[in-house]
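Residue numbering begins at 1 within each chain, and the chains themselves are lettered A, B, C and D in the order written.
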Amino acid sequence: MVRVGIINVTGYAGAELARLLYVHPEARLTGVSGRSAAGKPLSEVFPHLTCHDLTIGEEVGDVDFVFSALPHAASAEAVAPLVRAGVPVVDISADFRLRDPQEYAQWYGVEHPAPDLLPRAVYGLTELNREAVRTSRLIANPGCYPESALLALAPAVQEDVIGPEVIIDSKSGVSGAGRALGLTYHFAEADESVSAYGLAGHRHLPEMVQELAAMWPRAETPEPRLPAGTASRPKVTFTPHLIPMTRGILSTCYAPLAQGTVRSGEEARELYREFYRGEPFVRVVDSPPATKQVSGSNMCLVYPTVDPRTERLVAVSVIDNLVKGAAGQAIQNMNAMLGLPETTGLEAPAVYP
Amino acid sequence: MVRVGIINVTGYAGAELARLLYVHPEARLTGVSGRSAAGKPLSEVFPHLTCHDLTIGEEVGDVDFVFSALPHAASAEAVAPLVRAGVPVVDISADFRLRDPQEYAQWYGVEHPAPDLLPRAVYGLTELNREAVRTSRLIANPGCYPESALLALAPAVQEDVIGPEVIIDSKSGVSGAGRALGLTYHFAEADESVSAYGLAGHRHLPEMVQELAAMWPRAETPEPRLPAGTASRPKVTFTPHLIPMTRGILSTCYAPLAQGTVRSGEEARELYREFYRGEPFVRVVDSPPATKQVSGSNMCLVYPTVDPRTERLVAVSVIDNLVKGAAGQAIQNMNAMLGLPETTGLEAPAVYP
Amino acid sequence: MVRVGIINVTGYAGAELARLLYVHPEARLTGVSGRSAAGKPLSEVFPHLTCHDLTIGEEVGDVDFVFSALPHAASAEAVAPLVRAGVPVVDISADFRLRDPQEYAQWYGVEHPAPDLLPRAVYGLTELNREAVRTSRLIANPGCYPESALLALAPAVQEDVIGPEVIIDSKSGVSGAGRALGLTYHFAEADESVSAYGLAGHRHLPEMVQELAAMWPRAETPEPRLPAGTASRPKVTFTPHLIPMTRGILSTCYAPLAQGTVRSGEEARELYREFYRGEPFVRVVDSPPATKQVSGSNMCLVYPTVDPRTERLVAVSVIDNLVKGAAGQAIQNMNAMLGLPETTGLEAPAVYP
Amino acid sequence: MVRVGIINVTGYAGAELARLLYVHPEARLTGVSGRSAAGKPLSEVFPHLTCHDLTIGEEVGDVDFVFSALPHAASAEAVAPLVRAGVPVVDISADFRLRDPQEYAQWYGVEHPAPDLLPRAVYGLTELNREAVRTSRLIANPGCYPESALLALAPAVQEDVIGPEVIIDSKSGVSGAGRALGLTYHFAEADESVSAYGLAGHRHLPEMVQELAAMWPRAETPEPRLPAGTASRPKVTFTPHLIPMTRGILSTCYAPLAQGTVRSGEEARELYREFYRGEPFVRVVDSPPATKQVSGSNMCLVYPTVDPRTERLVAVSVIDNLVKGAAGQAIQNMNAMLGLPETTGLEAPAVYP
């Protein structure tokens, strides 16, 4: 039985880790920390977690595996000594996602607290990085939006059927904004309303671009309008939207089809099905999915299709932002790191309706 | 491994049984039926249940245990031969809840299809009827409203601290109305709106009255205004309300405190805590609970308090109507019948937020 | 054209006043204040109010009529000099609702800032207090819960058909909690959840009791269990609940029917219909109403019925908490004070669905 | 006073017309029809419309102006004789939107019932077609999605700053699906869920393409990848999404910026502001708008910006789908046709929150 700790259990990602770990047969949550709530029983902060009988501490104590659900910068600071001491860590914050510390500084507005650890970090989208995840001891768990967009686009990118003009239009439930209060997330304001945000540049954009660029086939002809050297870099516009629901992300991704490749929705789905064959947590579906179909579960449903009028790929994916977009993906990574079947403790179907 | 069948899997209670059984370590769902959808894969009707790899049949086939999620009357007809053949059955319909077939005919508008089986049926509120449940082979699973109200009131009734003038004001999510379409449950009509219904008499009322009367202490002084013979029958008004959310029931129960018994909220909670000591699925809480705290789980949270200005008990309970109010309670009953720990397969914490 | 000012326009009640006044043909909003936002255009705080072209000030300036939407205590302080100067005021805060300054101090935790003005104040439930409202210059606008409960109970009380054992179970949308942030009103927490609150005593309770007591017929036989002197005081338990919607209050009110009075729901509705004959904003309906049917409007729908099994009256009312429960009622009071038809500017039907 | 009739008042668009007309100072609703509900009081079908005191008839009777809210095909059949008789008509159905009856037959699956009237019809997006609307007697009221997308894109198209590769990603509340029942719109299914639909081609697509093509500047250089003859036809992908709210549409529109035109979000907004100068119902805003800011009102808020990383225009618009997307736009058209100020009867601000 692996003893597990959660650093900063007091947010939604931390609480979701605790929820999922309770039914994990090979791991036991033995330590939870959270500065603001240190000393309180976990059940006081989250009544649904009474089952755990744990008190929130300053530290997680002596554990075999650590999840960090701290905000960026604080997270790298907290896990750096653990990583250096050899403790395996899955970091749910953004700190180890961007490989370039300059880019990190630019998007997050702080110097990276542990740039020396960046080369050790593996981007933990297990389906796309499985071998690296298995042998790593520091996982950068993907952002919720990149998780949904990358799973929707990876087969098309890696099979070289789309051009680099990518648009990602995502719709997220409000829990993605966390537990910190704000007028935008006040019930009477967020309810019965939709809005776009992050139009000047959302922090999940460079993460998407980095991962898409890394998987893009090299032979890509340079775009005529792009300067030399940025040839294969996809041109991604990403617009997140706030939706009046608690959980779920749906991403609608658009890209031009390369001529003479995929000709129909059926062909697209065939290609995707082949790509994800055997994946327990990604399912290619035959009709547009709804976020409710994955609520509470670690599943991602993907529906790729073709707009024949414009020769574009349109790929739609749905995940639960707190599970496949955060805590579930983190546990899937832990399972891979520990040599367990990736589905261990993550088998529960979605809670529907 | 017990082979389990679900008769009429195509409604929300049936689907919820299938969801919960998937993670049950001692039971395997091997047959599901549903007339309108016979021949279809279960995953076509419910994409979140792809895990099961089952086809909906006309019958559930050769199984060791049966849940029926048929509507009333149809359910008794379907399970009667099974019961007679010795197959253990938990009936989620209302057919075996009322002991008096005349009362059944009056409230449900049809003759009872199998009145001879009524004496064999046990009302499956496990916490209050544990011994009978364990030895029965035909369980009448409680209605969702009675489940919430009886758990809120049982300690006060059995400890003889309240009078019989009971008011039960319940608030239910829309999934309680099932999957059949209706203008009242049309999103644009039900969203952002609350309404009362069933004011002329809801079918869960006689069920509540029957069970409350059965547990009411005998020594109760006859009410002066009641005719002789009905002395200890509680006078219950029950008003259900439709709430713009999918899952959850909150019941607010009011009753006059007998003089000289409970004097404060703390005393009430102490009494309740003692009553429910050791129960895994009922927790007495120190502040008013929210339905979200039990969503997706088999927990019932109860908060009893006292209105000192009026010497009334006010007891609030919350459950997930599809779990503790239906499928979870049914599996808890199955566990008890099979001699398993009642929590088997029902350990997952609530999905929060 | 009456020049109107709103003190503290930055909350939901203030904004709702501004919305409704924009279409009022006899009043013009000329001044709005709000300390935290002073100097900002009204349209910056509330984009839907761009129509007004007003800047939020420290004061409302020279106006003929004032609404105060300040919190309690601050409101009495702000309006006292205006009242003394003869400016007609409708106070939406609680400051002038309780006639007894001791009771005010007990429930609100502060000394009343202007007890000398209490005798001048009229409780502004126009339908029940019309003559007094017309001649007053200081109106205490009712609380949203009392508004809904008093309209549901007044006919039964005044026609002497119920006993004093009253239970009021109210369900409110989240906008009733105002615009100030709190975890309880955080979208991800309030969405898909119902909870009771204020069980130890909500501030709207004494207001309900005061008004019900005032209208209760004198000949009422003293309750045996009550001490002398409190004879006709109704024994009210009031439980508010938070519902996952933005607007609306539904109150379900229970009281024992006096023997030999009302015998059926039809009789109850007949009595209510007679009582409210000619009222433009109260409609007695023949089936249980939904809050959505009054959303955005100043209507109150009332559905009284009888539970024949228990000889109780059950009266259900619905209002929009921000209109009939606050700003609309305030404008109705202004209309009455100014000698205008009460419906002036309040004719718009509900926004449905 | 113009006597107005609504054909098929029983859907949401019809009811919304009745709601808005009640406060219109120059029009009086005198006749409403609706086959299924003929003979019933309007207030029975829609309790919020009790104010009208009208009975639903088979016909609208003798009126000066007609709105048709019938489904397509049925609408053209019903209004054709009226149009021929000279009665001015605003048709809310799709029947007179597509100029080409062949295209109509292809998308709607029926022969056009009155192709001879198509040349008389004017596409009633008043802001873009004002002069034609004023002198027409048959208005094709725009679809809700085209309304939102065209207002978001028109300035960029007409000022020739974008290329024809357009993507429109729209998010709609569930009322857009109408009052007819369907599992997709069942509360428990639609609540807490987002999904895309119409990916194979939504009927509002040809309408968008037709109107965008008509306004596209002629000198547009042919796209290299397009066959000759389709040069200036915009290549539009349109994806509608169902959002768990009742009212509102937000459209996020993407298009490549022509080189050397607009360089920043500020420049884009300046261009849009100039384009919509003086329009009472379109406002260019400085931060991304929320649908709640226009709920219940005839306003459209537009926020254009530039993604500098990809040289794309991103334009976001919000409307209330039942007002600016249907009934409000229809009344605006009526006002223009009658020579009234377009704002007549449409002044009410949004109902917020």
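Everything that follows uses one rule, which is that a contact is a pair of C-beta atoms (placed from the backbone, for glycine too) under 8 Å apart; a residue touches a chain by one contact, two chains touch by 3 or more.
These figures come from a predicted structure and were not determined experimentally.
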Partner chains shared by subunit C and subunit D (touch criterion as defined above): A, B
Of B-D and A-D, pair with higher C-beta contact tally: A-D
Whole-Å gap separating subunit B and subunit D, where each centre is the average of the chain's CA atoms: 47
Inter-centroid spacing, subunit D versus subunit A (mean Cα positions, whole Å): 37
Residues of subunit D touching at least two other chains: 12, 173, 175, 188, 191-192, 244-247, 289, 293, 295, 353
Subunit A residues within the subunit C interface of the complex: 12, 173-175, 177, 179, 181-183, 185-188, 190-192, 244-246
Touching residues (chain side subunit D, partner subunit A) in the complex: 165, 167, 169, 171, 173, 188-189, 191-197, 199-201, 205, 235-237, 239, 241, 243-248, 250, 252, 254, 265, 288-293, 295, 303, 305, 307, 309-312, 314, 316, 318, 353
List of subunit C residues in touch with subunit D within their complex: 12, 15, 19, 22-23, 46-51, 175, 191-192, 246-247, 283, 285, 289, 293-297, 299, 301, 347-353
